[in-house]
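In the two complexes below, chain A is the common chain; its partner is chain B in one and chain C in the other.
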Partner chain A sequence: MAVAETHTPVIVSAETAQCRTAWWLTAPALGLMVLILLVPVVIAGILSFTDYSLGNDTFNWVGAKNYERLFSRSTYEKMFIATFTYVVTVVPLSVGLGLGAALLINSLGRIGDLYKTIFFLPVMATLLAMAIAWEFMLHPSIGMVNHTLKMSCGTILEIIPFLKKGCGDRFPLWLGDRDYAIWVICFIGVWQGFGFNMVLYLAGLTGVHRELYHAAEIDGAKSGWERFRLVTWPALGPTTVFVVTISCIRAFQVFDTIEAFWPQGGGPNKSTYVMMFAIFEKGVQQNLIGIGSAITVLFLVFVMFLTLIQRWLVERKVHY
Partner chain B sequence: MKFTTTAMALILSASAAWADDKVTIEFAYPYSHLFDVTYEAMMPAFKEAHPNIDVKFRATYESYEDGTNTILREAVSGNLPDVTMQGLNRQQILVEKGIAKSLEPFIAGEADFEKDGYHDAMLSLSTFSDNVHGLPFSVSLPVGYYNMNVLNAAGIEKMPTTWDEVIAACETMNANGVENPIFWGWNITGNWFMQALMWSQDKAIVENGKVTLDSPEALTALEQMQEIFTKCEMQNLEWKAALSSFSAGEIGMMFWSTSALGAVERSQGDFVLKTGPFPGLGETPKGLPAGGNAAMLTSTSEDPAVQEAAWTFLKYITSGDGAAEVAKTTGYMPPNKAANEIILADFYEQNPNKQTAVDQLPLLRDWLAYPGDNGLAITQVIYDSIERIVTGDATDMKELQEELVEEVNDLLPNS
Partner chain C sequence: MTRDLWKHLILILGALVVIAPFYMMVSYSFKSPGEIDRGEGGFFGRQEMMVDERCVKLRDPNRDDVAAAAPRFPNQTDSQIRDALVAEAVADCQMRPIVFNYSKAFTEAPLLRYLLNGVIVTASIFLIQIVVALPAAYALAKLKFWGREAVFSLVLFCLLIPVHAIALPLYIMLAKVGLTNTYAALVVPWTISVFGIFLMRQFFMTVPDDLIDAARMDGMGEFAIVWRVMLPTAIPALLAFAIFSVVAHWNDYFWPRIVVTGNRDLFTPPLGLREFKGDGDGSFFGPMMATATVIVTPLIVAFLVAQRRFIEGITLSGMK
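== the complex of A and B ==
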């Protein structure tokens, strides 16, 4: 009894000491995380309920007015349309093309490295610099794109309605046309982004065991499609979840091209007024911190939502 | 006054004592495509005249909006430049917030300020509550740029003087196969062309602290724009693309600020370029907004030597040979009598295209600032509305005007 009495407190204090050390060791990381991640988010959250304008000494509490505006003004309706159009277009296309390119390159021998480099080049080049090159190419009268299209005039290609219309009247303005602008941005987004997905998929493909293909073949999966459907695609599950999530977040974050093409206004009729640009315009260009913070908070909610879905999927079913 | 004399005394003694003691001042300006050449041209002479002042150029502002916004942010973070170039319509907010310093103490210390060519009409552009806060550096007015080759080929000999004539010219050009007859600079900074159409009718866009977008004159302006855009079948070009198209000789008429004349001429293709006065609504315009920028002192330095150096620089670039470079390298007019009348005496005769804006000087009116903190946001709202006319999204101008008024009112103080 006496022995037990003297021993128990020693054990507890050893445990608490260990626990305390653990806290001490994680404290720097935790502290930094709170300081540079959580505190700014909380401040943005608080500011989104004010009308604070940078440079002012004071601000007023406006309640949910900023959020109310986000959901009632046509400008923000355009913002949501542009953002979701971009995400819904760019994510499947860049994931699909990335997977396709990875499979093709994987089936090639040494020459695959060349394609790898070519497809990965746009990822390495900064999008802002590329946007300037695109701006020149898409110039309506002296740009390369419309010049190339014009070459088809008078040839058999004119049976394509788009070319026929262009030859008869004029080719699109691309960046100045509200019907085309968002698709141009989507195209550049896919062009720029799929190489990254390709690399991720190539990494994923190295993890697929050869034996699985042999086993599938023995079980009667003869065609390439069957092998893809039964082995490759399921084995790439974790990669796909990661690639889709990363692509989604990157698509939500699109900004450089829009800022380069339309530094003022976010595209013809605000047709490419994506969320990141809206945050930049309100919070940075116009110093309207209140509404800028409200958009930021909404943006964080979207990204958080995506991350949660990813975690849920990863934990549930994509492990084999 | 006393402060200045002390400062002057200090400067004199300082420069006498350490002749090679350098003072560094920081400076930033907008629109590098227009002004890079100007500063390149004027800096060697400045360095020669003031070897002990080292001017450090900061990254240029993309536009006037960007310039003002950068200054507002720098005021919060405490790293303001010593001298900044600000759009004439963006001075007010910096004065109201106490960022731009009054220049009166420095002016009081100048013996022959008038004689240096600064005169009231021009200084008034930068005078707020009877205190001069800036020295105008370059002043511009809207003009018409005409590609005479395109116009003549379409059978037009005379430059239009009213918008109706412009539209008629467009229609003639369209009929004669000109693809791109016109570019009308609606997307120029600070809703300048909206203000130009308002001033043409002798109506200020801001009166007694109220924005007059609900006036019949504003509706007329919107309708006039719609008529030009639709009847001319104007393409929605981004302004830099438009300037390059015009320089390449593809656009017949371009309405823009005279400021771009230097840049356009430098990249001009093989055609005859003429400028003409800004057309009016049925008659000659009754007024036009003064574009351009003014040098403001934003130094937070306690060191009188820095303050004095900043003032010296500010004065140098806005008078004499410094100011004359503005006219030589850009299409802007130096708002300095001495520069205009003495140094540039026969310059305008040799450059009749640059004369057009000078002829319009009697029409010079203020480029107005929107009241309150949200000036930049209001500019954007008006920009967005005009863009809806250009892209054909808005067809009913009355409706557009109502929406515009409502949105702008949201952003005005006490809304």
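== the complex of A and C ==
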């Protein structure tokens, strides 16, 4: 015993000392993680079952009433429709355009870098400022978009039904038109996001081995499409999984453009009333914390679900 | 070359759409209200002298002014003196549209203050993120301690939670401790970057243990090792992370919109621009676009100067 007591304490204390410093080093991060990320999730979960408002001292438990409301009121039906329309439109388009641009630019060599720079500009720019610029572009009377469309009047292009209708009557109001509003928002979302995906794909493409293309050619893949299908697309699998997930998460969070265009109410006929805007309007502006928390919880469920699918795909299959 | 022609055509078309709102934003910031309304003047506008109506109105001479100016205009009636004074005011209030737009951008709203706030907020966020994340990342990568696996799984779990999504409970917490409408409210939710911890940990894993052991031999404590050995090796990763962080928070609109209400002294650049839009009447398109240009320019210029680094930084999240 005496021997053990003289030997082990040195080792143990060195180890415990390291253990202690390690905890000291992680403590601030750990504390903040709990306080800023985990506690709010729990709070949102709890408050979503109450009718709490800021400024009230007490609150009542209302059971699942807030959630029932989310799934029964037409306002929230519009919210889900707007959010999913946006996600389902923006994700495939921005991923597809990102991939297309990356393939084109990659095949051009050094000249392609210029396009890369240009396509990346919207990713860097303050979205709110660009939303305001788009608002001017889409202005029904002085905007550049309708000006450009008007130029096509009287030319051969007028055989396109959309232009024919516009030239005969008037061009759309865009942001003021409930049939177009959500699509305009989607368009700006794609405009802003596809450059980001392009850059990720360009990084992915540098990882595709040249020999694979040679091998595919020897195996009879002559056309560019065959080579893409057999080599490029599978090799980009991990990139695609990542790009799709991050595009989804970003798409779910759309807010800036909508708040800039319609500070009140989420667009004509609530056609662009997305979830982030609903959380902001209900929870912060109208102080209906219960319902806002319920939307927050649903939002978190969607986002976590997406990320878990991504991790599952990454671990399971997409490594070639 | 001819085979590449169609590629260039597609890419140029895309580039035009991407550039269009930037072109318009900068162009409007040069033009006079009349030119904007009528959609003329090309890119720079004609830069003819224009009269600032508000400036003239402000200098509208009253009885005292007329009396005070009487010695300068001997032998003239009061109304003649008045007319002369108005003419003087008009002459003094003449300026080029570009000067008008940019000077209005800085004088109508405290734009410099907003820019300064933007710098303060983004810089503090980044510095605190580093101070918190770096030690934790080092401990997770290089120290063996009881509970390390648990801490790391917590980090992986927290990566699932987007801070914007839990904005409502965070807002409630800040409101409860009375921190809304402070710099702290703008900074606190971003102090913990789980992504930063994850990224730095991955980076530190590649640092050889010998380096750390050598430092320990020299009698350095673990804290000293983090800041004097690990930090210098991590500069490239930190730079990329800095760009990632600064771009995200300079451009962020959602969170400042929630926690800062009304208090102009705390406005970040996007909030300032938003306020400008809120009370903008028709003639203020030019100054507003000038504001937008001023806000967007710093990041765009930095991006153009250090493209490679920027793309690396922004797509960091793709390197998991």
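The definition used in the following text is that the second predicted complex is superposed on the first by the 289 of 320 C-alpha atoms of A that agree within 3 Å, B and C clash if a C-alpha of one lies under 4 Å from a C-alpha of the other, contacts with A are read in each partner's own complex, and residues count from 1 in each chain.
Keep this in mind: contacts are C-beta pairs under 8 Å (C-beta built on N, C-alpha and C of every residue); 3 or more make two chains touch, one makes a residue touch a chain.
For clarity, every value in this text was computed on a predicted model and none was experimentally measured.
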item: Touching partner for A:222 - first (chain B), second (chain C), both, neither; value: neither
item: Contacts of A:37 with chain B and chain C, given as first, second, both or neither; value: second
item: Partner chain(s) touched by A:54 [first = chain B, second = chain C, both, neither]; value: both
item: Chain B versus chain C as contact partner of A:177, first or second or both or neither; value: first
item: First, second, both or neither for A:142, with chain B first and chain C second; value: both
item: Touching partner for A:281 - first (chain B), second (chain C), both, neither; value: first
item: Of chain B and chain C, the chain that contacts the larger number of chain A residues; value: C
item: First, second, both or neither for A:259, with chain B first and chain C second; value: second
item: Partner chain in contact with A:303 - chain B first, chain C second, else both or neither; value: second
item: Partner chain in contact with A:214 - chain B first, chain C second, else both or neither; value: neither
item: Residues on chain A lying within both footprints (that of chain B and that of chain C); value: 54, 142, 263, 284
item: Interface residues, chain B side, partner chain A - complex; value: 62-63, 65-66, 69, 72-73, 75-76, 97, 179-180, 187, 235-238, 241, 244-245, 248, 250, 373-374, 376-377, 380, 383-384, 387-388, 391, 393
item: Contact set on chain A toward chain C in their complex; value: 18-19, 21-23, 25-26, 28-30, 32-33, 36-41, 43-44, 47, 54, 97, 101, 104-105, 107-108, 112, 115-130, 132-134, 136-137, 142, 144, 147, 191, 195-196, 199-200, 203, 239, 242-243, 246, 249, 253, 255-256, 259-260, 263, 276, 279-280, 283-284, 289, 292-293, 296, 299-300, 303-304, 307-308
item: Chain C residues within the chain A interface of the complex; value: 4, 7-8, 10-11, 14-15, 17-22, 24-25, 28, 36-39, 131-133, 135-136, 138-140, 143-148, 151, 154-155, 158-173, 175, 188-189, 191-192, 194, 197, 221-223, 226, 247, 250-251, 253-254, 257-258, 269-270, 273-274, 277-278, 285, 288-289, 292, 295-296, 299-300, 303-304, 307, 310-311, 314-315, 317-318, 320
item: Interface residues, chain A side, partner chain B - complex; value: 53-56, 75, 135, 139-142, 170, 173, 175-178, 261-265, 268-270, 281-282, 284-288
